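First the structure, in the form of structure tokens, and then the observations on it.
Letters A, B and C mark the chains as written, and numbering starts fresh at 1 in each.
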């Protein structure tokens, strides 16, 4: 009990910085979720239209027709920004595509050799999309003019034809018209929050017990290493539970009924709790391995950021290359994010059970196994250190 | 002063845990970044969309259209209806057409692939509508119209604007360099721990010597900046080797590294003197500050700096991490030096202010308890 | 003799605790001034206030006739400090540490080199010049700590419990060294809770308790303030109650303590105390073992003034 209380007291002593960290990480997570949901580009992962900046140097019926044609499916703006401004807007993906309609476009279309100047952003796919639209319209004008239409008639026909929508069915399994609820983006970033806070707090507390004189004093004491270990484990579990509660109460307030009425709320909480256990085991391992408080902050930072980058938190799993994806499978964050994707995109299938539920359960089991492995590794390392001393 | 510099340098460089980790951590992070998304640093290539085709009527002209673009914009494979649904669920295809008298398309969600497949179908149906329209209104010109469909040279010219267009994923690396610069604040707080009487016995001894406080601070500052500057050079070389686009010549890069190093160390010193808590607490604050500033500069989400630019542009003007990452962006993308110069000027001005504040606080400092 | 330090009515509080309670002291040039008191009495606090490291609530401190501020660099040039905690750079060697700190006072390189070598000789750390603090034992570390504080031969040296955790041999060396420093012209303020050290080297002593100066003067003067003139101890003695009563009534004896085996007697200053005692024992045919007599110590002074031991 004394050791347990000792750990709690140390945790309490670090509560100031702990709360600051928790606050900062929670705020960062909410900002990330917000930015991700509202950003013009989420890295090319989901797009329905592209953002086009147009400069019209022809000012003809056909050039206007092209602009109207592009407007049907995309966000089009006539712009007079400088080149530098346009480059910056493209860098941040506020513009995907710049179109400069040259003077003489109308005549060139009729002749059949019109060339429009375009500048593509960093996404080739979006660029190609834009190219197809321009070439399509220009060709249609060329054909209709060859068929004897006037400029106005040709533009009108092309626009009417483009209003015809193809029979496309989105097999919507997420229940949100092909998008996901905002709190799923929040959930994506939760491992970052847990790792960041726990690595620092747990590491700091454990460093106190790693001081030479304290270690010697404990070794001479009447408490067995096992009791000591269990006491520390329980104390850290309490800390983790507290962080869990604070995180989810905050989310509950922020997302309100939308989150609380999610049919898979239990599965969401389970997945997060298991990730929290994994984060705790990683923090514990760091606390055992690191002896220097200068090294601790750096290692905690690298581990939390590193796991989040290669484990699919900041960079979505779809973006990871083949080799990295295989490497990521050895990280608990990968399995956590996989489960988040399942919860986000296939909630109905989850309820029905079957393969998808099995996949979710496997994700939970793998995370738990990894947690166990990490804890055992930490204990073995501790034992080796004690023997070496 | 020379003596202070000499021993300050020796003491810091021998303090392995501080100097080594300050330099190594950014290298480790750069490696992890590269492994995560290094392939996306240059503009991505276009890959054809995997598409399923369920043929219920084999004499549809749409099949000819699909055949003509197979391998270029799409990769097609024939399925029956059930197999197509399975393939879609497993992710083997991004959508499938059901070709019968009418043609329909099934996709799992909105997205780029869905838009391309939908575009192909729309294009086909538009052409049908146009032909029908010509037949209805100008049937005598149908042959000319069909000939025009075949033989046009209409296209697009790819041009570049005044600057280069680079992938926004490079922003991760720029923000990483910025964070590495701000890591200098650990060196700054370490230095203050050895100067302030309430933090260490060494600080006490140095507080009772006749050395001007400014000299003490400056010698520590110069020492830590030199060490950190070296760390940053190593990082830059490493990042360049990974293939990240870092524009500008070597001189400009050195200027940024120096400006970043002085800013980071000065920030750490300011945290050290203004926060009246334990050394451990100050380390925590240093970490929290550098992480938060780097976050706002795009360390975890590349577009964050852009979001901040839209919602609160003043933050990007004073956030040292944003300024540092912006210098790399400016060097890489723009030909003009105006923006680069402004960023450096603000960084240096901030440094001077932070150092002055630190000195003023420390100069006549007495404590309530030590 | 001029006052090198004057403390007038000094009050310092740490929240609800009054660490210094209207402390008044004058330290004269050329003396070794002892500040003696138990743990928590305010010794270190006094030193830190003198050095302008601590804020204080009331009072005045003059050093070299002037107030000492954090930026009183001229006055600081003549002060050396040996702190209670070892205050050296962990990563610099013995020589480098002393060279650095001496260099903050002495700009001339040649002069500094001589002084550094003298300081190393003084604390007898020649064999350990190139070693880092982590490689030194506690005693050697303390010697390094001292060398860093006195290498520049200051006029005023403040030493705050410099011999804590030091072995007896090192301690003697340190104390002899302090006397030598004083002979060479330095005024020394020496704080300790070890009365033997203070008695050995200090010319004038202030006993402080709870932030107040309760006695001030030379050791002879302090001992003269109390009743005890002599302490007699008789071991292995068997006494009856009646005999004990009779001993108590002997001339000059004012306090008797007997635990069944050892008899301790406190008597006022007089020539024949021991003789009278022995005569009584002989007369009454009382068997006894060892007998020894002691003069009163500063601990006795403290005990009589405060009712508790110096090491309480």
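Annotations
Keep in mind that, in the parts below, a residue touches a chain if its C-beta (ideal position, glycine included) is under 8 Å from a C-beta of that chain, and two chains touch if they have at least 3 such contacts.
Keep in mind that what you see is a predicted model, and the values were worked out from it rather than measured.
Among the other chains, C has the CA centre that is most remote from the centre of subunit A. Among all pairs of chains, A-B has the largest number of C-beta pairs in contact. Per-chain CA centroids place subunit A at a distance of 66 Å from subunit C. Mean C-alpha positions place subunit B and subunit C at a centre distance of 63 Å.
Inter-chain centre distance (subunit A to subunit B, centres taken as mean C-alpha positions): 14 Å.
For subunit A, no residue reaches two or more other chains under the stated contact definition. In subunit B, the positions touching at least two other chains are 15. Residues of subunit B touching subunit C in their complex: 3-4, 7, 10-11, 14-15, 194, 197, 200-202, 204-213, 363-370.
For subunit C in complex with subunit B, the residues that touch the partner chain are 14, 48, 51-55, 69-71, 73-74, 76-77, 79, 81, 83, 85-92, 96, 99-101, 103-105, 148-149.
Residues 15, 17-18, 21-22, 24-25, 28-29, 32-33, 35-37, 39-40, 43-46, 73, 88, 102-112, 114-119, 121-123, 125-126, 129-130, 133-134, 137-138, 140-142, 144-145, 147-149, 151-169, 171, 183, 186, 190, 277, 280-281, 283-288, 291-292, 295, 299-307, 309, 329, 333-334, 336 of subunit B are the ones that touch subunit A when the two sit in their complex. By the touch rule above, subunit A contacts subunit B in their complex via residues 16-17, 20-21, 24, 28, 31-32, 35-36, 38-41, 43-49, 82-84, 86-88, 90-94, 98, 100, 109, 112-126, 128-129, 131-136, 138-140, 142-149, 157-158, 160-162, 164-174, 178-179, 189, 192, 196, 200, 204, 292-295, 297-302, 305-306, 308-310, 314-315, 319-321, 324, 327, 345.
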